[in-house]
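These are the structures, in structure tokens.
One chain, subunit A, appears in both complexes that follow, with subunit B as partner in the first and subunit C in the second.
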Partner chain A sequence: MRRMKKMRGAYIGEASVRRTAMLMIAPAMVIILGMNVYPLLYNVGLSFFWYNLLDTAKNGFAGVRQFVEVFTNKGFGNSLLITGYFAVVSLVVQTVLGTLIALLLNMEFKGRGFVRAIVLLPWAVPSMVNAAIWGWILNANYGLLNRVLLQWGVIKEIVVWMATAFSALNMIILADTWRMLPLTVLLLLAALQTLDASTIEAGIVDGANAFQRFWHIKLPLMKPLLLVLLIMRTTQTIKVFDIIFMMTGGGPGNGTMAISFYTYYAIFKNLNYGTGATLSVAISVIILLIAVLYLKVLHTDDPS
Partner chain B sequence: MRQSAGRRFIKGVGIYIAVLLLVCWTLIPILWMAYSSVVDKAELLNSGPLALPKNLTFERYEQIFDSFAKVLSGGRISSKSEVFSRALINSVMVTLSTTALALFIGGMAAYAFARLAFKGKQFMLMLAMFIQLLPTVALIVPLYQMVKASGLIDKLPVLVVLYLSNVLAYTIWVFNGYYQSIPRDLESAARIDGCTHFDAFVRVVIPLAKPGFVAVGSLVFLMCWDELLYAMVFMNSKSTKTFTVAMSEFSDKFAGMDYPLLMTGGVLVTIIPMMLALFFQRHIVMGLTAGGVKS
Partner chain C sequence: MKKTLICLALVVALLASQCCMVAFAEGEKPETLILVTDNGCLAQYEMVADKFYEKYGIDVEIIDVAYDNMHDKITTMVLGGTQIDLFSVDTIWPAEFLSAKIAQPVTQYFSQEELDALFPGYVEEFTINGELAGVPTLTNSKWLFYNKAYLEQAGYDHAPTTWDELAEMSKAVVDKGICKYGIAWSGLQAEGVVCEFGVLLDSFGGAWQDADGKWTFNSEEGKQALDFMVEGAKQGWADPASSTYSDRVVLDPFMAGDIAFVLCWSYAYGFCNDPDNSTIAGNVDIALVPGANGTKTGSVTGGGGLGVSYTTKYPEHAVEFLKLAVSYDIQKDALESYSNMPVLKSVLADEELLKANPEFAVMADEYNYSTKRPTVTAYSEWSAQFQSYLNQALAGTMSVDEALKAAEEWSAKF
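Coming up: the complex of A and B.
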């Protein structure tokens, strides 16, 4: 009797499976549709309207004119340049240093377990605390860096690290690199550890030196992970907000107004929701393009 | 490859120098924070050469712990350290609630994605992947208008829901990848024994997927613990701030920010994530790659 019931259960499976699936995804879908998808669409709609809380005279339908206005604004080009500089410099530095450190941690030396354990610590420091630590280290009057450099005679008088836009931007990259580098290191180290030892030994037998083994054997095997890592980190550089908020507030002279901070500024300082929505749509499209690229990478390169 | 003793010695020394540099680069900022949290304020705000501290003081820690007592007994919140104490309690509550809910709601939804057949599945997964890459600022105009219109600004549970919307897509995407790596045999056995899909999920999959829950749980915890923008925009009163917002307001007339107090608070809010990072390092690395790289 019970068996009969089971069989029937399997027979009518299709519809009941679908119902179970719907019930299981329902709570998540309510939140994602209501608080991710709806806002995305709302932004697209709002980007066709002027909507400025400080200057209400012009508010109303804008068509594509708002896009033209936002994209031709000097501030937008400036924020894209800053984000681009930030992304390129931090990704190059972090990928190269990350690879070197991962190779180092993959070698045999005393205390390796300890070093591997502490290497992740900076990543655990909350980003606000990270910004505070570096703001304090780089503080012109009392900061650690100036005090040590003065003491060692490297500099004659204090350096104001945040004085120029270019220098401030590089200091933000320094702070971000300190915190995010461990991520790259550990992912690459994990990849190195899974590499097939016999392939590498074959290289040694063939007389390849350490650099050749890295360049011709290890690097190609790590390529898929490196690509995923680059894409992941690119989207993270577009998100950079906390460090800028804490360390420079976008200054000096808008010199550290990366795209996320620029958008925040348009919305909550200039109270221009129309511009904010248009910028949000621009960011979403950039992320969508990156997501498509990400999927291409996942589907074409199989790490195995 | 054979190497002469000399070359091997130089290589060995090179490795240790590189390791030493790495350890210094990693630890000096953390140690400087710890140092700044226990050295007398007058001694810290000094531009002279570095020297061993003359006066160690736990004054600022005591100040924060006293504030905890005051805040917990319902006292009025006014000083910087009282705002911080209240904020730290808020951060713990919001982060823990969000993590628990995200693990349950997201873990359950991802099970349906990984195991059950239904229409539109592939599209929804792609959507989740896209959403998890979006910066929070890109959704804030509509969210702000929604929350404000419904009069829910300054309500901590709203922050939990906002954070959920921030991490659910990620949770589903990673869990989906993770479940694919778990064999189906035990679930099938449970199903044959008469379990519903939901029972099989709760009794078989959750225990099997424990490492995945630890990984995603740690990462979701860290994401919420760190969050600044939503907390800043949606929580405005002294009693509903999170520690990230409280710390951004530690200003001081001497160095711009009240760095001595910032470093003390910094130590307190870094302890939990550091424990997570030390205990669950392997899990965390897995959580970062699961779903990202096909295995």
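Coming up: the complex of A and C.
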């Protein structure tokens, strides 16, 4: 009987602790619900309504018609293509270069610590500052790039790098890569350093060359971190906004109008909140689908 | 005794009513009004705020943002319910701001006499279907700024009066190695390119729309205007990087001494003649925009004004700020101190002022020819795509005919 009381006492104590814990986290939960969950649900709800402040006659319930209108709009297709190109090229370039640099920095050499610090520096530059720096580097008349290329005789007259859509988009990728590559290097270097040395030594004993050791041993072992990196960077590249805002404003000829920038225009320039909400939902679904795809392709329970 | 009591009662009643009035006035009177503006108008509105405090004892807190962010700042604040009282209104926003209930109409606060004292074209820009979306507080237009030292070196003693003459002078300064190019355009995909095309369109004798509102810019004159902008770079006398210049950045090659001409707003005169900013300070002069097809000149109106927010609790006080902003002393001080052109006609009728500052006379003359940009409720949406076509023509990725045709088809939707 005494024991039961004791147990009962312990049970009451746990409940009390749980209640206290709930009370303690309640303010944070309220803030999260209010600042994240409510706006998210409100946005999803809004995506089913026509809500244009400059054309109020049409405002009202739209159902899926607004989605149909958005998806069949030429501008949406154009921005999706631009975003896709930006995401794919950025990810491929940054992952390949990042892996190569991480492999180099993982090797033993004198001054390795210093080189590692230098490589990480661009990541410390704020995105807006990075855009301003590259804006000047690429300036046709006074930019460093044209000056260097002219001096080396690579070009005979100035090149207006930001004049055409394709060139401008690639220049934005270059500027973004310069800033974000260190993050990729940092994460891949961390992954390389956690690899079991004996596994790699076993590869050497078995006669595997450097490429085989990388491809068959290191890369599979790095898969979990690579998955995190890809999901993180894919989301970031699909949401690209600040560097476009600063460098091109969506031009030339809407050639850098990525989907986030297109959404920004719908909401803040055109004051069409319904279309903006629909686009936001579409971006979220696209990112979710890509994340699921990555998980399916790359996720393994047993990396060995 | 009875009389004394009645007098006493009257005095008490009078005092009580006075106390009530004071309490009412104090209850209604704001301590602070909040104004959102951009750095271009900041100095002028600070001056108005000081006078406003002297006159009414009300502080005006000014939120200063970059012009490119101002539209979004105002719309998100007002539509999000933030209590602000006043904001800057660019000349292209009145229709949008009234329609979206961002600016409240102020028509009932202004008499016809007060409005007649202002330049009519600018009041018209703020009037949508008979409702005033605010009042213009400063006027602007684009003028031709030129480097007089370069023209002298090239053997010219006057500014060009026709576009053909400008092309000829541009070729001369390039051929003689005086500077890199004759002119650069504000060709970036931004509002500046619409203004730049507007200047050329008007000065070539074209028009945006006819009297019935039908789009007419894709005319012979419109094609000549855009073709003139495009061909200059091909022939080597206009800056090939023009498609990357905003209407502020286009001043960089001018102030660096790399070009001889530029089209810009009034502030460029003081800015480019300031040795802190410019390597050509002292050599910058101003002229009417050249003409073509028998047109003397042509330009686009700019400037802006102030609107009263839908979220203000003190519309009457906000309107008083508007009235003070267009008063004679403020308008004259803003012109003399900051080269901000007045909207009050009487200021530019001051002969002494014009004698001391001859450039003001040239500036005022352009107002007789400048036309406004199209009045479109969804102006931002219309302009964003329109800019894209003009920018592509300047970058050479679309022909002039293709760009104007696409722009015409797009405009037909508005």
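Criterion: the second predicted complex is superposed on the first by the 275 of 304 C-alpha atoms of A that agree within 3 Å, B and C clash if a C-alpha of one lies under 4 Å from a C-alpha of the other, contacts with A are read in each partner's own complex, and residues count from 1 in each chain.
Definition applied: a contact is a pair of C-beta atoms (placed from the backbone, for glycine too) under 8 Å apart; a residue touches a chain by one contact, two chains touch by 3 or more.
From a predicted model like this one, the values you see are computed outputs, not experimental measurements.
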Touched partner set for A:A163, first subunit B, second subunit C, both or neither: second
Which superposed partner A:V68 touches (first subunit B, second subunit C, both, neither): neither
Which superposed partner A:W136 touches (first subunit B, second subunit C, both, neither): first
Which superposed partner A:P252 touches (first subunit B, second subunit C, both, neither): second
Which superposed partner A:L54 touches (first subunit B, second subunit C, both, neither): second
Touched partner set for A:L271, first subunit B, second subunit C, both or neither: second
Which of subunit B and subunit C A:L81 touches, first, second, both or neither: neither
First (subunit B), second (subunit C), both or neither touched by A:W123: first
Subunit A residues touched by each partner, larger count belonging to subunit B or subunit C: B
Set intersection of subunit A contacts, subunit C complex versus subunit B complex: 139, 141-142, 158, 268
Touching residues (chain side subunit A, partner subunit B) in the complex: 6, 17-18, 20-25, 27-29, 31-32, 34-40, 42-43, 46, 101, 104, 107, 109, 111, 115, 117-129, 132-137, 139, 141-142, 144, 146-148, 150-151, 158, 178, 182-183, 186-187, 190, 204, 207, 209, 224-225, 228, 232, 235, 238-239, 241-242, 245-246, 260, 263-264, 267-268, 273, 276-277, 280, 283-284, 287-288, 290-291, 294-295, 298, 302-303
Contact footprint of subunit A on subunit B as seen in their complex: 1, 12, 15-16, 18-19, 22-23, 25-27, 29-30, 32-33, 36, 44-50, 105-106, 108-109, 111-113, 116-119, 124, 126-131, 133-146, 161-162, 164-165, 168-169, 172, 192, 194, 196-198, 201, 222, 225-226, 228-229, 233, 243-244, 247-248, 255-257, 259, 262-263, 266, 269-270, 273-274, 276-278, 281, 284-285, 288-289, 292-295
Complex contact set, residues of subunit A against subunit C: 53-56, 139-142, 158, 160, 162-165, 248-254, 265, 268-272
Subunit A-touching residues of subunit C, taken from the complex the two chains share: 71-72, 75-76, 79, 96, 99-101, 180, 188-190, 239-241, 243-244, 252-253, 256, 258, 377-378, 380-381, 384-385, 387-389, 391-392, 395-398
